[in-house]
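In what follows, chain A forms one complex with chain B and a second complex with chain C.
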Partner chain A sequence: MDRPRILVVEDERVVAFLLTRTLEAAGYSVTPCADGLDALEIGLKEDFDLVLLDQRMPGLLGLEVLQRWNAAGRSFPVIMVSGITGESDVIQALELGAVDYIRKPFSIQEVIARVKVRLRRVDP
Partner chain B sequence: MNRLVFYLLIGLIVLFVVAAASLFVIKAVRRRIRGREQRRKNRFIDMIGELVVQGEWKARVFRRYASDPVFRGVLLEYLRMMAGSDRQHLMEVARQMGMVAEYTGELRSGDRNRRVRAAEALAEIADPETLTDLVFALTDPVPEVRVQAAAALAHIGDGRAVKSLLATLDQEDAGNAQRLADALYGFGSTAVDEAARYLSSPGNHRPLVARTLGLIGDIRAEEALMQALDSTDQALRIRAAAALGRAGTPRSVPYLLQLLSDEQWEVRAQAATAVGSRMDQRAVPWLKRALTDDAWWVRHNAAASLVEIPGGADALRLALDHPDAYARDAAAAVLLSSGLAGEAVGDLTSDDPLVRNPAMDLVMKLIRAGKGAFFINEGVPPELVSQLHHGGQ
Partner chain C sequence: MSVGSPMLDGAVRWINYLVLAYVILMEVQILVVAAASYLALRRDQFTKRHGRIRDLATSDTTPPISIIIPAYNEAAGIVESVRSTAMLHYPRLEIIVVNDGSNDLTVQRLVEAFDMVPIDFPFRPAIETQKIVRIYRSRMPLPVVLVDKENGGKSDAINAGVNVSQYPYFMATDADMIIESEALIHAARHFVEDRAHTVAVGGNVRPLNGSKVRSGSVSEVKLPRRPIEMVQVVEYIRSFLAARPGWSAMRSLLIVSGAFGIFQKLAVVEVGGFRNDHLGEDMEMTMRLHRHNLRNKRDYRIVYAPDAVAWTEVPSDWAVLRKQRIRWHRGFIQVIWQYRGMIFNPRYGRIGLVGWPSFIAFEFIAPIVEFLGWLIIPLSIALGYVNVEVAVPLAAVALLLGAVNSVVSLFLDDRFGYYDEAGQTIRLLLYSLAEHLGLRQRSTWWRVRSMFWNPSRKVWGDMQRTGVGNLAGSTDSAGTVPSEV
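Right after this comes the complex of A and B.
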């Protein structure tokens, strides 16, 4: 059975590395992406079982990426990754269909747990 | 003469070329250095990240780079982004590397820049063992050191530091006091008892602390906030009234209702919002009266609060027939902004007359109150808007 595919959209290298390697070590197939515009394009072309989407990014903000995916009929389970000051962003993301959010700073175990919950049916 | 001008010109050109070439070389060297540092940084990010992911806390590996400022910077970035047990491990590594001891030592350095950098680093590490040193840094003559020390203490969250933080905050100017109040907020409920006591002191920043107590929203602050309402400090009364919206219980509602007749319009406006947050039905008749207040903010806040309280929206609809034009305006504005008018538009086409007729009535009154453009934007045909404006159905 194929491993679940996860798109990690995050511009901060430390966070991107942590998320990517943690999820790879947990057995998922991870596509990292550091720019909102690139994320939009990848999401329009490829299918993912889950997306971890940062809000503050160069190119396009996470919420804008989510809006444009919705407008194009692309629907993925999205977990928003947000800084401590981004409460309104989180609420808006949930209204746009995001399924969950992770606040920075985060615990690696918590990230894995949340991802597993969302991918329960397709766990590797 | 001509020859002199010629040589001068040549000299200037040569000077310009040399300067341009030097600038180019300096920039190239800087770019190269930056590129090399970035590559080193990326290497450390991958290295530390891999150790974190694998759960391998090899102090030996970390100690090898202990004196490298790039490595330390990356370690601090990881500490900033991580929570939970992995962060605890990483903090232990920072201790073993001697980073914590070194930075706490630098807090006593004679060089102000070193003290600022040390305080910033300790704010990232947030090691509970540095509590005493950070409390000491709250008395530093450099404001940035005090702010960073306060941030570190908030990150650690040990309530024993709150009294010292408040003592420092009390001596700050307005700008810095706000930054220390942010740190106080970071303590959350741990800060409430001490901060509530500060409100009854002759402190310089009591309004700011009252506001922070409201943001924390812990009801243990209620008694102190209610007492602050009797203060002669008007700024404190305004902040305390606002704070009771989040940090109050039904017990404080009668006090807030009395404040709707206060002499200060700012107090009345904050009390109007606070009772809305409490969603207490006892407030409805008081808020209806506040719709005719002299101050626009009080009328607006009273209307906005009525929407929040069960039964309040009906009072707002009735206020559209109020003989006072100011009350009608306040009610109309909030009915539009709260979405109730938009819902009525959807109900206009209902087959059920019990749904359609009240909606029609509301829309008609709002159109007569001058809000016709809103309904045209919502898709109501302009001819229907015109018809309703003139009272037809």
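Right after this comes the complex of A and C.
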């Protein structure tokens, strides 16, 4: 079986690097992306088993990316990552189809654990 | 021809011979240490071949390390250096930036880049420092802590970092240091192998000049262009490959470079932390650890890890280099003065009887002797005081041994494969020979000049005000690296 593909949308270079390194070590195939608009485009063209989506980003906000994917009929299991802890954001993200929501501060280990849980469920 | 009495003639003649003999003795000592280095490096290579080093990177038993970066007015580069430190390959790290009362945007830059928030952080003030104003933590999944404190100098900043650190080992480094991705793993190996006894591990500092850097790491190692940089490459190679592995193997390593040294936190706290009134605080700490542990008859290790490599920009103009070297040598003189009680003191075993005296003989006294030599010998030959048939062969032997030593250290470096191309090897070779016709004399002169200064005088008010970054330009990060040791 192919390795599950994950799109990591994160604008801080080091966080993206650490997520990529750790996820790859855990056996996933990772596509990193640092900009909201780029993420939108990649998501329109390619399929992923999971998307880690940062809310605060240059280009487009995470929620906006999610909205536009929905409008284009693209849907992936998305885990939102955000520093904005307002409840309305969480609800909005979940309504747009996000499967999980990680609030900052979080650790790389927490992300990995949530990714694993999610992808286990997706596996038949 | 002779001018004075026969007795004076004889005295002058013998001074000449003694000077030459001293230099020859020094070169022989360097050669012996280089041989010890060769054996140590070969043993190291053998251990590495079993490939267990990489396992350490993923092992839970690898000791966690706190990396302390003291920063004084480093707004321009601090974010990038935290980024590159965070990307090091090591299982458990925390990065503690200590802002030493900067008056630029050091704190703001970090807070913005890493989404840092003030936290109520409990810590143990094991070493007394200037007041800590606030502690921040990143809300990103990065183990980055920022300690904002009042200005107190580099050592004070490191001590504050030690107080705040959570892990049992720490490394104090400079913002402009580029650490190789696996360097910490190589260094930590020694703590893993002998956790009970290892109190400090020193790394291999190399000149960055000429190499290419991409997003915080060295992407291509190349030799620098300028002669002043080349001679320093040769010098660093000699110090870090021909000397330190040997001294380390003889358990007499007297310097763990401040820019790349990992210390057991308890050991440093036990001796009271880094001293603020010191120009060579890294060597001073190493000597203090030796003295403390030897006095208490403990079995301890201070080791050198040649594979733990970090790169630093070295001075590229003579004025800055001169300033740096004078500062190093003065730091060294301070250390000699402070630890004079250990010289030939059997209580301090191999360090007191061999390591420390030979260090002083060949690092402190040798420059004086050599300087006198450059003055006296040509003069004496010209005036006919000296039997040319004796003096010239002796001088030739001294120079030849010097050249042999330079070549030997290049040979020791070769196994690391940084400068593999034939052109690079030839340039290194030429410069290591040319070093004896230029830099060596200059640095001898600088060392002699540094001595006209009273080491017990307190002149460090200045240093504390200027803080970390400005001591001798930002190019000063390798710490004390006397040329032969």
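Rule of thumb we're sticking to: the second predicted complex is superposed on the first by the 116 of 124 C-alpha atoms of A that agree within 3 Å, B and C clash if a C-alpha of one lies under 4 Å from a C-alpha of the other, contacts with A are read in each partner's own complex, and residues count from 1 in each chain.
In this section, a contact is a pair of C-beta atoms (placed from the backbone, for glycine too) under 8 Å apart; a residue touches a chain by one contact, two chains touch by 3 or more.
Quick caveat, the model's predicted, so the values are computed rather than measured.
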Q: Once the structures are superposed on A, label A:38 by its partner contacts, choosing first (chain B), second (chain C), both or neither.
A: neither
Q. Counting only touches as set out at the top, which of chain B and chain C does A:12 meet: first, second, both, neither?
A. both
**Q.** Common interface positions of chain A, toward chain B and toward chain C
**A.** 12-15, 17-18, 25, 104-108, 110
Q. Taking the complex as given, what residues does chain C use to touch chain A?
A. 58, 82-83, 86-87, 113-115, 137-142, 215
**Q.** chain B partner contacts - residues on chain A that touch it in the complex
**A.** 12-15, 17-18, 21-22, 25, 104-110
Q. Can you list the residues on chain A that touch chain C in the complex?
A. 12-15, 17-19, 25, 83, 104-108, 110-111
Q: Enumerate the contact residues on chain B facing chain A in the complex.
A: 42, 45-46, 49-50, 52-54, 74, 77-78, 80-87
